[in-house]
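Beneath this line is the structure, given in C-alpha cells, with notes to follow.
When the chains are written out, they are named A, B, C and D in that same order, and each has its own residue count from 1.
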Amino acid sequence: MTAEPTEPWSVLDPTGTLRVDDRVPAGADALDLWAAYRDMVLSRRVDTEAIALQRQGELGLWPSMLGQEGAQVGAGSALRPRDVVFPTYREHAVAWCAGVDPVQLLGLFRGTTLGGWDPRDRNFHLYTLVIGAQTLHAVGYAMGVVRDGDVGTGDPDRDRAVLAFLGDGALSEGETNEAFAWAAVQNLPVVFFCQNNQWAISAPFSVQSRVPAATRASGFGFPGVRVDGNDVIACHAVAREALERARSGGGPTLVEAVTYRRNPHTTSDDDLRYRTGAVNDDWAARDPVDRLRALLTGGAGPPGVNDFLADLGREEEELAERLRAGCRALPVPHPGDPFLHTLERMPRDLERQRDEHLAFVAGGQGDRS
Amino acid sequence: MTAEPTEPWSVLDPTGTLRVDDRVPAGADALDLWAAYRDMVLSRRVDTEAIALQRQGELGLWPSMLGQEGAQVGAGSALRPRDVVFPTYREHAVAWCAGVDPVQLLGLFRGTTLGGWDPRDRNFHLYTLVIGAQTLHAVGYAMGVVRDGDVGTGDPDRDRAVLAFLGDGALSEGETNEAFAWAAVQNLPVVFFCQNNQWAISAPFSVQSRVPAATRASGFGFPGVRVDGNDVIACHAVAREALERARSGGGPTLVEAVTYRRNPHTTSDDDLRYRTGAVNDDWAARDPVDRLRALLTGGAGPPGVNDFLADLGREEEELAERLRAGCRALPVPHPGDPFLHTLERMPRDLERQRDEHLAFVAGGQGDRS
Amino acid sequence: MAHALNAGLRACLEEDPKVVLIGEDIGRLGGVFRVTDGLREDFSDERVVTSPLGEAGIVGSAIGLAMAGYRPVCEIQFDGFVFPAMNQITTQLAKYRHRSEGRISLPVVIRIPVGGGIGAIEHHSESPEAYFAHTPGLRVLCPSTSQDAYDLLGQAIRCDDPVIFLEPKRSYWSKGEVDPEAPAVGMDRARVVRPGDALTLVTYGALVPVALKAAAVLAEEGRQVEVVDLRSLSPIDDDTVVESVRRTGRLVIAHEASQTGGIGGELAARVQARAFYDLEAPVLRVTGYDTPYPASRLEEDWLPNVDRLLEACDASLKH
Amino acid sequence: MAHALNAGLRACLEEDPKVVLIGEDIGRLGGVFRVTDGLREDFSDERVVTSPLGEAGIVGSAIGLAMAGYRPVCEIQFDGFVFPAMNQITTQLAKYRHRSEGRISLPVVIRIPVGGGIGAIEHHSESPEAYFAHTPGLRVLCPSTSQDAYDLLGQAIRCDDPVIFLEPKRSYWSKGEVDPEAPAVGMDRARVVRPGDALTLVTYGALVPVALKAAAVLAEEGRQVEVVDLRSLSPIDDDTVVESVRRTGRLVIAHEASQTGGIGGELAARVQARAFYDLEAPVLRVTGYDTPYPASRLEEDWLPNVDRLLEACDASLKH
C-alpha cells in the first residue's frame, strides 16, 4: 500500500460488490460493517439536518460533507481512544465517530461560539477554518506524544497517533508543506488524511497539482497512499495501517482519499457556476453510503437487515429531532465573554473596555437612532 | 537525467579525471573549460577579498561561497542573456557570470545600500535575505514570461527561462514549496537550483530532509536532478538541459547541486561549534576549482596553460585591487534617501519627518550628550 | 459597491494589457463576493488567474509579475486569510522600492474584503488595516462609496506603489451610481463628507454611513458634526483632519479594528500634537475592543454603531 | 543580557520538564546570539530542538506541543524573520483561548531579538512590536535590563498566555548582575526607573538606557525627568504613565519602530484621553521614521538617540 500511488485502491465497487483483498483486516480487526453503515447514515443525517437548519435561518452557514462519509467513517473508525484528531471544518462524520455531540458542531455555524466543544473530552480538536494551519498543530502534538514516550512501546493502551485532516486545496498552502517536512525528518506519529474531494471551492484539483495528492509525500520521503474515498472498507484498512504504523514508531503517512464533495462548498456557494450537474450525478452514482448498503442488503440480504434498517430509520429521526431542538437551545454567549477569554487574567484596560461595553449593552441602545 | 535522484551525477572526479558521458554537451554547446576555470578563480578571488575587507572592518559581514564555485559557475555559464536570475545572498559567482560588477555586491554588506545594482541591467535580481522568498518572485516572473509569449517559440533570441537559487535550508520554508506547487501546475519556465551545501548555518541537511533535495520535486510532479555540485562540467550540463527545457516550454526542474560551504556561514559564524575541521578538510579535497585545474593542467598540460595561469594570476591581482578601492569608494547614502525611496511621491507627513531629520543631522548632534 | 469594483477592474483590464488579476476562485466563480464576475470570460484565464490555495504564492508571484512589467491585482478571499502573505507583503513588497534605491517599482494591488457585520464565522470579519499602515512602503486605501470604490481602485492600479485595497464587505451590497468620467479626488486625500462646526467625526469604510447617521441625529438636536472619510489609511491625510479640528475643537475617531495600535490612536496622537491648543476636549475613540472578533451572535452590539458614536460625541461635546 | 536570558531559560528548563525550546540553530550553535548556549548539552536534543528552517513550523508546532501539555519557548532568529509565522501567531496562537471559551491555554513564548544599532544588514534591525500589540490575545514584553530579562522571561514561560518576548539585541552584550531570588515586578507593570517632576519620558527596551542618559543631561540643567520603562507593550500599563503625567504635565515617548501605528501613538492617545486637563504640552514622539529601516551606514543618526530625546524634551518643556 506504500508503493507509488496510482489508481486509488478499492475493494468495494459502486455496485456493492466486495473484492477479497488480504490488506483488508479480518477477524477482531475487521471493520464492523453494520456499525460503519450506521455511522455513515447517522452522520449524513447530521449533515442533512444542518443544511435544513441553515435554510431556516438557524445557522449562518454549513459546509456539507455529503459524499465524503466513506472517507471520514473509514478514518474515524480506525481511531483508538488515545489517538488525537485535528480536523478542518468538514469532518462531521469523524466528529461523530470520535463521539463529539453533533449539536456541539452547530455552534460555530450558528454564531454562538467559535469553538463548541472541549477538545480534551474526545481528543477531537476544534474545527480550523484557516486552510492548512491545523497540520502544524498535529505535528506539534505528535512531537509531544514522542516526548511523552507514547510511541512504539507496543502497549496498545499507551501508543498514540495523531490524525490530521486536510483538503486537496490545503496541499498548496506553505504551512501544510512545512508540516510534511517536520513530520518526515522527525519521523512523527502523524497521519495526514487528505480528502481529495476534487474541489477547493471553485478550483478543480488540477489548479493545485498535476500529480495525485498522495504523491506529494514522496517528495518529503514518507509513504503516500491513494485510496477510493467512497469505499469505507478500503479507507478503514488504509487508515488503520497508517495509524498503526504511526503508533508503533514507523512515522508519518499521507493518505489521499479520492472522493467528491457532492454539495456546494457551503450553503453560501453556487456550485453550478463552476461545475455541471451531470458530473455531480456521476459521483452520486458512486456514493459511499449507497455502496455499503448495496453490499449489506445484497442478494437476499443477511438475516436481520430489515430490522436493522428500520431501527436505524427511527434512530435517524430521533437524532434529527435532537439536533433541531439542540440547535435552538444552544446558549448565546454573554457580551462579556470575549473580554473574559482573551487572556488568562483580564488586564485593567480590557476591564475598562468591558465595563463600558456592558454598560452600553445594558443601557438599551437605540434611544436616538 | 530526470529519473529518480540517487547518487549525484558526476563526470569530473576529484583527481581531475574526466569521464566521457554523452549528456555533456559537445561542440558549440560545450562548456568552455578555460572560461569556466577563469570564472571560478576570479569569483573566488572576489570572495576571498571580501572576507579580507570584512576583517579590516570595511564590510559588516560576508557570506562566503568558498567551495560552491563549481555549482555556481556551472549554472551561471548556462545562462543566456535574456534569462533571469533570482539569487539568495551567496551567489557571488553567478553574479560574476551574469556580468554584475563585483564591487556592487559589496554595498549590501558594507551597509551603504540594501540593494546595490539595477536588476534590469543584467537580469540579475537583488540578493534576497529572507529564506525562500525569491522563489515565488521567480515563479511570478516566469508567469510574466509566459504571458509575454517568450516560451517555446523556438527562437533562441526570444525564449527565456528564470533561474531561482535556493539553499538546502530553504526547502523547509513554506514559501519555497508554494513556489514548487505554482511552477508545476502552470508548467512554468523556471529552474530551481538548490545548492545543497550540507548546512543551513548550524543545521545539517538531515534537519531539513531525510531524502535528497532533488526528490522534493517528484512530490510536485516535476523532474528533480541530483548533480555533483563540485563538478562544474556536470553542473553546466544539468543546468543547461534544465534551462533549455524551461525555455522550450517543458516546464520546471529542481536541480540539487551537492556541494559544501567550506567557510563558516558568514564571517560572523563559528562553524567549529557544530562541525569538525576534519570534515571540512575532506570536502576541501573535493574542491571544484582544484578539480578543474587538475584536468586543465593534467599530464603535460595543454599548450599555453602556463601563460593562461600567469595571465589569470595578474587578472586576479587587478581584480583584488579594484575591489579594495571600489569598496572604499562606495557612496554612502544621503540621510534623506530612505524618505525619497519609500513611495513614488513622498507624502506630506513623510516630508515633515524628512525635514526634521535633515535638520537634526545638519544641526550637528552631540551638543549636550 | 461590488458592481463598482467590478466595473473598475474591467476598465483597468481594458485600458492596460499588463493588468492581471490573481486570486482564489476569481475565475469561473467570480470570487466569493462576485467582484470579478464575468471578467475571466471577457479577458481570458491568463489575465484572470484562479490561483492555487496559497496567499504567500498570490502575493509573491504578483511581485515577480510586477518585476516582469505587469500590474497584478491580487484578491485575498477574506481579511483573516491575509496573514500567510504577511512575509511577502512586509519584507518583500513594501521594501523593494527602497532596496532598489527607487529604481524598481512594484505596482501590485492587494484587494481584501474587510470588516464585520455580515454574520460571518471566524476569520471572516477582521480589520487588519493597522498592520499595513504600520508598514512603510505600502499605501492603504479604503473606500466608503461605490464612486470612491471605482475611483480609488483605478488610482491604485495605475499607481506605481504597492497598494493594500480594503473593501468594506458590509458595503458590497450597497447601491450607488458610478460615473466613470467624474473627476476623482486624489487618492491620498481624506474627504469631508458632511460639513459641520461642533465636532469632527473621522472614520472610514463601512462606518462612514454610520457616522453620517449619527451626524444626522445630532443635527436634529442642533449640533452640526463634520464627518471626515479618511479614505487613505496610509499615508494618513492628517492635514484635513487637523484643519477640521482647528474649527471644531473636538474629535471623535471610529473604526472596527481593535483599539490598541489602531489607526485611531495614531490619528489622535497626531491631532493632539498638531492642534493641541485648539482641542477643547480629549480626542475620543470608538473602536473594536481588544479581544478577538466575537462569535457573530454578539456582533450587532459589538460593532461601533450609531449609538456608540452618539455616546462618544455627547461625551466630547460635554467637555 | 544574553547571559541573563540563558540563565532564565536554564532555570525554567530545570524547574519544569514540560518546557521545550524550539528554534533555528539553538542547539549545538547555541543560537546566533548564544542565548541558548550549553542548554542542548545539558537538557538533550528533545528539549532543545534545532528546528527545520520554517518559522510557521516553529510557531505552529509549538501550538501543537502546548495542546499536548508542553510549554514551548520558540526562538525566531531575527525580528525580520517572524513574518512567515504571522499566520500561526495571529489567527491561531492569539485566538485559541477565546475560541475554546477559556478552556484551553496555549502557554507559548516566542522570543525575538529586536531592534537596530548593531550595524546589521536588512531584516536584522526591525521593531515589529506594534503588530503584536495590535493582536488581542497576546502578551508582548520587552525587558531593558539583565535582571528584568531574567525575571520577565521566567514570568513569561510560567504564564498561561502566549507571550511575544522581545529581546533588544543591542542590549545582549550589556552587563548586569542577576539575582534569581530578587522579588520580580509584575510582568504587566511599567516601572519608573528614574523619578522626576518636570516631564515624563516613556520608552522600553534598548532606548531605556538612552532615556536615562537624556534624563541625566537634563538633571544637570536642573530639570528632573521621570523615566518610565514600559516593559509590557501589551497590555500597556497606562495607569503608571497617566499617574506620572498627572504630576509632570508633559510626556515624551520614544521607540525605534516606525511612528505611524506604533506603540507611541497608542500611548499618546490614551494619555491625552485620560489626563487631558493635566497636559501642559502635547505628547511628543521620538521614533523611527515611516520608511524601511535604512542601510546600516545611516543608522547612527537614524535611531532615536540622546540628542533627539533632548530635543523633544526641550520642545515639550518650552510649551
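Methods note: a contact is a pair of C-beta atoms (placed from the backbone, for glycine too) under 8 Å apart; a residue touches a chain by one contact, two chains touch by 3 or more.
Just so it is clear, the structure is predicted and the values come from calculations on it, not from any experiment.
Peer 1: To reach subunit C from subunit B by way of touching chains, what is the minimum number of steps?
Peer 2: The fewest touching-chain steps linking subunit B to subunit C number 1.
Peer 1: Look at all chain centres (mean of CA atoms) and spot the one farthest from the centre of subunit B.
Peer 2: It is A.
Peer 1: Just the number, please: Cα centre separation of subunit A and subunit C in whole Å.
Peer 2: About 36 Å, centre to centre.
Peer 1: With chain centres defined as C-alpha means, what is the inter-centre distance between subunit A and subunit B in Å?
Peer 2: Taking the average C-alpha coordinate of subunit A and of subunit B, the gap between them is 44 Å.
Peer 1: What whole-number Å value describes the gap between the mean CA coordinates of subunit C and subunit D?
Peer 2: About 30 Å, centre to centre.
Peer 1: Could you say which residues in subunit A touch two or more other chains, in rising order?
Peer 2: 113-114, 130, 171-175, 178, 181-182, 185, 207-208, 333, 337-338, 341-342, 349-350
Peer 1: Which positions in subunit D are in touch with at least two other chains?
Peer 2: Residues 51-52, 54, 56-57, 80, 83-84, 87, 91, 95, 98-99, 122-123, 136-137, 235-236, 260, 270, 289-292 of subunit D touch two or more partner chains.
Peer 1: With chains as vertices and touches as edges, which is it: line, ring, star, complete or other?
Peer 2: Contact map by chain: complete.
Peer 1: Can you list the residues on subunit C that touch subunit D in the complex?
Peer 2: These residues of subunit C touch subunit D: 56, 80, 83-84, 86-87, 90-91, 94-95, 98-99, 122-123, 130-131, 133-137, 234-236, 257-258, 260-266, 268-270, 272-274, 276, 279, 281-285, 289-292, 319.
Peer 1: For subunit A, which residues are in contact with subunit D within the complex?
Peer 2: Result: residues 113-115, 118-120, 125-126, 128, 130, 133, 135-148, 174-175, 178-179, 181-182, 185, 333, 337-338, 340-344, 347-350 of subunit A touch subunit D.
Peer 1: For subunit C, which residues are in contact with subunit A within the complex?
Peer 2: Answer in residue numbers: 24-25, 27-30, 32, 50-54, 56-57, 80-81, 83-84, 119-123, 213-214, 217, 259-260, 289-292, 294-299, 301-302, 305-308, 310-311.
Peer 1: Could you please specify the touching residues of subunit D with respect to subunit A in the complex?
Peer 2: Subunit D residues touching subunit A: 20, 46, 49, 51-52, 54, 56-57, 59-70, 72, 84, 87-88, 91-92, 95, 97-105, 136-137, 139, 159-161, 188, 235-236, 238-239, 270.
Peer 1: Report the residues of subunit A in contact with subunit B in the complex, numbered from low to high.
Peer 2: The contact residues of subunit A facing subunit B are 171-178, 181-182, 184-185, 187, 206-211, 215-221.
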